[in-house]
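Supplied in structure tokens, the structure appears directly below.
Letters A, B, C, D, E, F, G and H mark the chains in the order given here, with residues in each chain numbered from 1 onward.
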Amino acid sequence: MVSAQKGQVRVITGNAVGAYGAMLCRPEVVAAYPITPQSEIAELLSQFKADGVLDGEYVEVEGENSAMNVVLAASVAGARTFTATSSYGLVFMYDALQETSGFRAPVVMVNANRETPGIHAVSSGQQDLISARDTGWIQIIVENDQEILDQIIMAYRLAEDYDIQLPIMVNYDGFYLSYLAEAVEIPNIEDVDAFLAPLKQQPERQKLVPGVAIGCGTHGMEMGYVEARYKHCQALERVKGKVDEIDKAFGDYFGRYYGGQIEEYRTDDADIVILASGSATGTVRTVIDTKREQGIKVGLIKLRLFRPFPAERLIGVLKGKKAIGVIDRSLCFGWKYGPMCMELRALSPEIGPAPILSYIDGLANLDITVPHIGRVIDEVSAAAQGKPYQEVTWIPMEE
Amino acid sequence: MVIKHKNIFKTESAWSNADEKLLCLDTGSWRTERPVVDKEKCNYCGLCALYCPPQCMKDMGDHYEVDLAYCKGCGICATECPLKAITMVPEGEFADG
Amino acid sequence: MAARMLASAFVLEGKSVASFPMYGFERRGAPVVAFTRIDDKPIREKTQIYNPDCLIVIDPGLLTLPTLFTGLKPESAFILNTPKKLTEQPDKNLKIGGAVNATQIAVDEIGRDIPNTCLLGAFAAATGWVQLQSLLDCLPDYLSGDILERNLKSAERGYREVEVIKW
Amino acid sequence: MVEGTKKRNRVFDYFCEEDQFAGGVAWCAGCPLELTARFVPQVLGKNMVIVGTPGCAAPVLHGQNVGAWHKLAYMASVMTGVPSKATGLSRYYNRIGQDATVVCFTGDGCATDVGFQPLSGAAERREKIIYLAYDNEGYMNTGNQRSSATPLGAATTTTPVGKISRGKQTISKNMPLIMLMHRPSYMATATLSHLEDFAKKLKKAQEKVKEGFVYLHVFSPCPVGWRINSNMSIEVCRNAVRTNYFPLWEAEDGKPRLTLEVANPKPVVELTKLMRKFSHYKEEDMANLQKAVDERYALIKSLCDAYK
Amino acid sequence: MVEGTKKRNRVFDYFCEEDQFAGGVAWCAGCPLELTARFVPQVLGKNMVIVGTPGCAAPVLHGQNVGAWHKLAYMASVMTGVPSKATGLSRYYNRIGQDATVVCFTGDGCATDVGFQPLSGAAERREKIIYLAYDNEGYMNTGNQRSSATPLGAATTTTPVGKISRGKQTISKNMPLIMLMHRPSYMATATLSHLEDFAKKLKKAQEKVKEGFVYLHVFSPCPVGWRINSNMSIEVCRNAVRTNYFPLWEAEDGKPRLTLEVANPKPVVELTKLMRKFSHYKEEDMANLQKAVDERYALIKSLCDAYK
Amino acid sequence: MVSAQKGQVRVITGNAVGAYGAMLCRPEVVAAYPITPQSEIAELLSQFKADGVLDGEYVEVEGENSAMNVVLAASVAGARTFTATSSYGLVFMYDALQETSGFRAPVVMVNANRETPGIHAVSSGQQDLISARDTGWIQIIVENDQEILDQIIMAYRLAEDYDIQLPIMVNYDGFYLSYLAEAVEIPNIEDVDAFLAPLKQQPERQKLVPGVAIGCGTHGMEMGYVEARYKHCQALERVKGKVDEIDKAFGDYFGRYYGGQIEEYRTDDADIVILASGSATGTVRTVIDTKREQGIKVGLIKLRLFRPFPAERLIGVLKGKKAIGVIDRSLCFGWKYGPMCMELRALSPEIGPAPILSYIDGLANLDITVPHIGRVIDEVSAAAQGKPYQEVTWIPMEE
Amino acid sequence: MVIKHKNIFKTESAWSNADEKLLCLDTGSWRTERPVVDKEKCNYCGLCALYCPPQCMKDMGDHYEVDLAYCKGCGICATECPLKAITMVPEGEFADG
Amino acid sequence: MAARMLASAFVLEGKSVASFPMYGFERRGAPVVAFTRIDDKPIREKTQIYNPDCLIVIDPGLLTLPTLFTGLKPESAFILNTPKKLTEQPDKNLKIGGAVNATQIAVDEIGRDIPNTCLLGAFAAATGWVQLQSLLDCLPDYLSGDILERNLKSAERGYREVEVIKW
């Protein structure tokens, strides 16, 4: 296996890409419940199933809580599984999400980001993924349609790795990527098979087999409980390196690299760095190019891995920088800062004294526009020069 | 970090395993009364055994006898025996037996 | 969908594309806007387009929208579905205009009021930015059978029948 | 005595497996739940996979760290996920050709309340799973609170008898009939006094689950919560049947049929007097309960008659 | 023409209130849901408080920022919380003596699937709320996916017709009968072709809700998803009744009664031919659907007979 | 109103205290679902209702998700409401939790902390409250039975404050305080009435009234959504000061003060500070006294307010300290540190360069013992002297 | 922080308010056909009005007429009129009328 | 419950108390341990007690528990429900022993095997740490009617009939 064959290029939406990505990995049990902006995935997978293109079981559950339980159990029995949801659905399966990671079931889920039900809205935003940050899942955020597909394939390789055995949530900005049609290269399924083949050379994970006396989800009593949680946390620590490794392996085979935990853009010689994630990062890059022409040495960190938080790599890049701007598309209730900013601040002891500026933008379907990012860069740049700055800015409230 | 804890589970998550000896409680000690089977009256119908919640009546080939290690002393066997072949006797009476 | 077909045609010609719709809240009644970016380099922005090079209006009722032409780049193109003629320049930034009775053509050819493919044909003719053939080549990705045939015709007629004006 | 003259009860003939549990487990003395749990696998066999949940069954079904109280494959679940987990298991086992009988084993509280929605959903999808609800008419494991299965007027810790209130205000949810209206492949009611009836139904369940969803509703009094003398719990089951408080019936493909028609049903007081959860009952309360029982029996009877 | 010779339909006599909605709202042309939404408050009056949820009703029932499409008090809810929210409202209004008719207004998807558990719970508790489920046999607002109410064999976007599969594999959940078995204070089925019947039932609902839970199941075809010509949607309702696909009945205190007995029911194809969601049907599929319809009608009929 | 009359002293469990606390505030609609270790609250409130002691409605819901929906809606209609839950229950009402704060409904809830369902366990731990940190609720953690009662009373005064209008979760360590019987002074209901009376002098909050044309939970469209979220965040910021004010008012009236957002113990002259919360803080105090005798200048911050995070007060106390030890009874998945430690680290830029040591202890019913705390203090003290230290310690794993 | 945003809601959370003018869509523009009532045939039974989903048939005292501002052109009135007093006419025919 | 009654009695005497049980996982069968702290000052620790001053054993079967006496403070007390006599000192840290046939007394007085109140009486007598009267005074908080009367008797008999040994 040197490199994959060229796949077929099609102009399809992010949701369709999600369905293709899943199908290519040959999941054996799929369960999903429709919700805007994810429904197209459920529909397409149903169609694949009806057409025989998807050979797995497809369970048309009565709600998201059940969707997660179905795939969790199938996964514990040994199946490769897939599900997809968004916002209201994600929060309705919250107990099951916690169980899934606790059972160490390598479920792969796509989450099309949307605002959460606190205030009723049918619009984009990353609040849902933030709401699930304490579930013990791996959370990855992607930027564009191709990355959705590639990341789903990488997700299986990561989730089912014997050293990991954890569920993964692949996040993309709903409404934006969900409905965004781009030209996407769909690899040949044999190449996907080949890429996932190393999983078969690993020791078998524990599986629930009838007639064989084992029980999953035993009561963890005192130190048993602590041990299981400890292992869970250790596995999350291992995820970081694995994400980088798998990204490398994927790139070597398919020719597309994403940087693993984080993707850097012009950070090497940068004085200031913008931290952002998801579909907005493309615009950030464009503005960076413009600002570079104006002499501002600015770079971007695209946060791909949000759980576990890529502390070490972030420190590696950010240590010694002069100022940092973080753009959050969600809120961290009870803190002034956005959630990614709040968490980044927790690395301050290691990063050093650079000012960290928090920006809240792009809630509720609002765009994070070129002028917005221009403003962010200018302000962060001024802060780097020791000028006074505003710690937190809700960009739309100031317009 | 000096982990002194010796792993309890072989697996990553918490799995129980019945290949080893099963967990077991000393439920015999719960008893305050003990069923005593009258072999003579017993016609080996097995109803006492069938109805016994912990299924602790032992098949003796021609009658049943209770396994005192587990019998909780509920008295169902005595109540259900169609021949009244079982009597519940206070444990105190067996104190040093 | 029309936006995606257009995007596909550009892909056939080796361009990068990104296309997406913004729904109003309710699915029915509120106008739907779709954006398509086309570039020689990979496209990085995934936002709405605030400064388009071209505007295609499927529903002539929208002409009354006060913000319709806001943000148009200078020298841009404008394709309109209308039974009437485009006489005066609706906005000073427009350079090319294309008027076509796409509804009529669609009703004729497809049997229903689905003017989208016809407008794509008109777009190709008016702007010259994409080949008609590329458009026709990518339709089978989205449609099939009889409907495909009828749409191919509709697109071709749009290409032929559009009235192009340069301002 | 001579062997030949002794004849063991026919119920033994239904057993295909030994008891799968440890001798000493934490169920209360005289609890029919213990009998149910030990009985079912003896009839269904070792290829059972149980999905269980918090409730009185859990302290025995769940392991503790690596230790287990029984030898069956088992998956623990939150109360909201039992039939959905069973769905995932059964779909996968069926797909890979693995022989398995997937059984949800929960209390009435899980089945009728906090876990009802996925149960209804799995029934609608005709999943190939057996859902067995043992009905002790309340949340026993958390201390005898009311569930939807708690009968009219019963005293529980959340429907207490007090100065201005006397037990549960509403009739119990008619779970067997609600499930019948889901038209499962097979369903039945059963209880521990009628073991042969129960065994037959289990065997039928194991057959019919190959076609689709199976629901079993097992009346399982709680000696501790209901305050029954521990030796009387089987008698309570029997009297529940004899009073038509808990009729025994089954339905294949939606067609109900009484499996035991009680010739001269006793008044329901014959049941209630065996326990103290109704001890605050006045005559009027008893009349209300009798009325609820009669109505409910008439309903199932007329349905059975319609399908005769 | 002379006034006297003209006589307006009796249905007008049931109206006590004007239409509470804006003239132009976002429901599709010809949608019976719009008719339902506008009809109900005209009969029940302004003291309605609606609890609603995502679904085709929401774009009109929910406001948009400070703007509203109607003049009724309204509470928005996630799909999992509708009857529970109604419970909270009704308990409090009753307590403070506030006159109010609390109405849950949801689609079949919410009622039979993701919001079924709290509905069942509220029914068991006999909450003083009216739950109205408009049944368009699928998740329409998200794009015509299957729900538990989708009938056997119907094509939806999640039960598509494909190379190896032909529509939904299971019969629809028999929601009206499942709710009957909850023994609500009052329940009824209704549809938009039979407006007087519907109005009467609404009035009865408003009376009986003072005693306890009320469930209304309103057959409400979706012209867009079912692919019905927009002018034919009332005719579809009518044919659903005439074919016994959707029998009209009601039940006070658990006693069902047909409110319209169809003399010579038409074959179900008379209904299905009006739409394209069954257009892939082969003869055999039609026979299966007819069988399901017949069985279901026989069941409700025999129940009604039993209570005659 | 100068000060309250002496109440009745009774030896009762924390759960019973919870029920009394609620009852004294005269909730009009109560809904609860039993779960270990909270069930006693549901039972006692039922008994109060059956005896006519509690005049409100009591709704015996079929699950926690419904419990929250019932009280949410009643609250929106204008009722004073109460509910109680724990762990599995809390995570099963996750969507409703988010709605409740989004609706700005001043619901008061007691949460008896317990481990979450990731791994099945019936044991104490604060993972549940951490799992709910992104719901937009106010979260307060108390230490002992008396504080449960007092805090519930204060919670109503806070939640229903016109400037706040937010739901509050009063947390206490399940199994520990749930079942711990202590002598508790139960105030007279008239005094509670008097303490809550100022709420009546405020403007009326918006209420859903039939016949009046208003709709709650409208779709927040774009800036409408952003505005509502912004107000929510601002209200959370205001909570901090209010908590301190109300604590003062409560203390002035009832004679018991708790310090508001945080309670300090011997921090004034301390070189090093331990941050902990809940029932473990008493033991910390005891050990501090011992260590002080040995010459170690150590103090305690008891974190009472977790959401909003009391950033300003923490900075005020911790700025310039030489080292800080944080004891977490829960995990922050995806981070090495415990959650309170991770969040405290986000204040590093303001607190300064003091080493922050993270300790994980007391999971799954395990005690946080005197020797454990002794060890923590010794290590933090060594770190303060510039000795090398271990950043994160799972105490039970090292025993 | 310079908040330029002017509050939309008077309340803390998002409440709609129907005291003001209701939101309203121009649903009349959806129409491709228009119902035309034949006054002479109409017997004022009101069925068209009752069945009309947007309830946009206006009571004219002795007959009904459609409110073109809202009529979506579904054609139900025409189909349901027992006297066939309503005809659906393509909007095109009214183009400049 | 017994632990709480004891705590209440101390409260009557002006002490601070804190008492809590640790359940094993299953409610039935596994031993339940309850801890009670008593102090003149407010009690701050809410943990298990590792070094108790007194041990009350309700179920004599537990005597076989190898860790039963682990952590006892020197000079501590030991109250045992037993039909037998306490002869030898079970642990070197014990100073006072009290043996009472509480099960028998309970069965006599209360009619069921609930030896708790009897053991509390025995505790008062053996240790002298609390007055019998305080104990009796607080029982009405927990019990009422006939059951209360019977328990009062049982406690009194415990107080009177306990056999106290000093080692």
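Methods note: contacts are C-beta pairs under 8 Å (C-beta built on N, C-alpha and C of every residue); 3 or more make two chains touch, one makes a residue touch a chain.
Here the structure is a predicted model, which means the values were calculated and not measured.
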Minimum number of chain-to-chain touching steps separating chain A from chain H: 2
Pair of chains joined by more contacts [C-beta pairs], B-F or A-D: A-D
Chain whose average C-alpha position is farthest from chain F's own: C
Chain whose average C-alpha position is farthest from chain H's own: C
Whole-Å separation of chain centres (CA-atom averages), chain A against chain C: 34
Chain centre separation (chain C, chain F; CA means) in Å: 57
Interchain centroid distance [CA atoms averaged], chain E/chain F, Å: 44
Intercentroid distance (Cα basis), chain G paired with chain A, Å: 46
Of all residues in chain A, the ones touching two or more other chains: 60, 62-63, 88, 92, 95, 99, 102-103, 117, 119-120, 122, 213-221, 223-228, 230, 232, 365, 394, 396-397
Set of chain D residues in contact with two or more other chains: 24, 26-28, 62-68, 70-72, 74, 76, 78, 80, 112-114, 116-117, 120-121, 124-125, 148
Contacts with two or more other chains, residues of chain C listed in rising order: 25, 28-30
Residues of chain D defined as touching chain A within the complex: 46-49, 51, 62-68, 70-78, 80-81, 83-89, 91-93, 95-96, 98-101, 117-118, 120-121, 124-125
In the complex, chain A residues that touch chain C: 9-13, 122, 143-144, 173, 175-177, 179-183, 279-280, 282-283, 285-286, 365, 367-370
Chain D-facing residues of chain B, complex: 8-10, 14-18, 20, 22-28, 30-31, 43-47, 50-56, 61-62, 67, 69-70, 72-76, 78-80, 88
Chain F contact footprint on chain B (complex, rising order): 1-5, 13-14
In the complex, chain B residues that touch chain A: 5, 7-9, 11-19
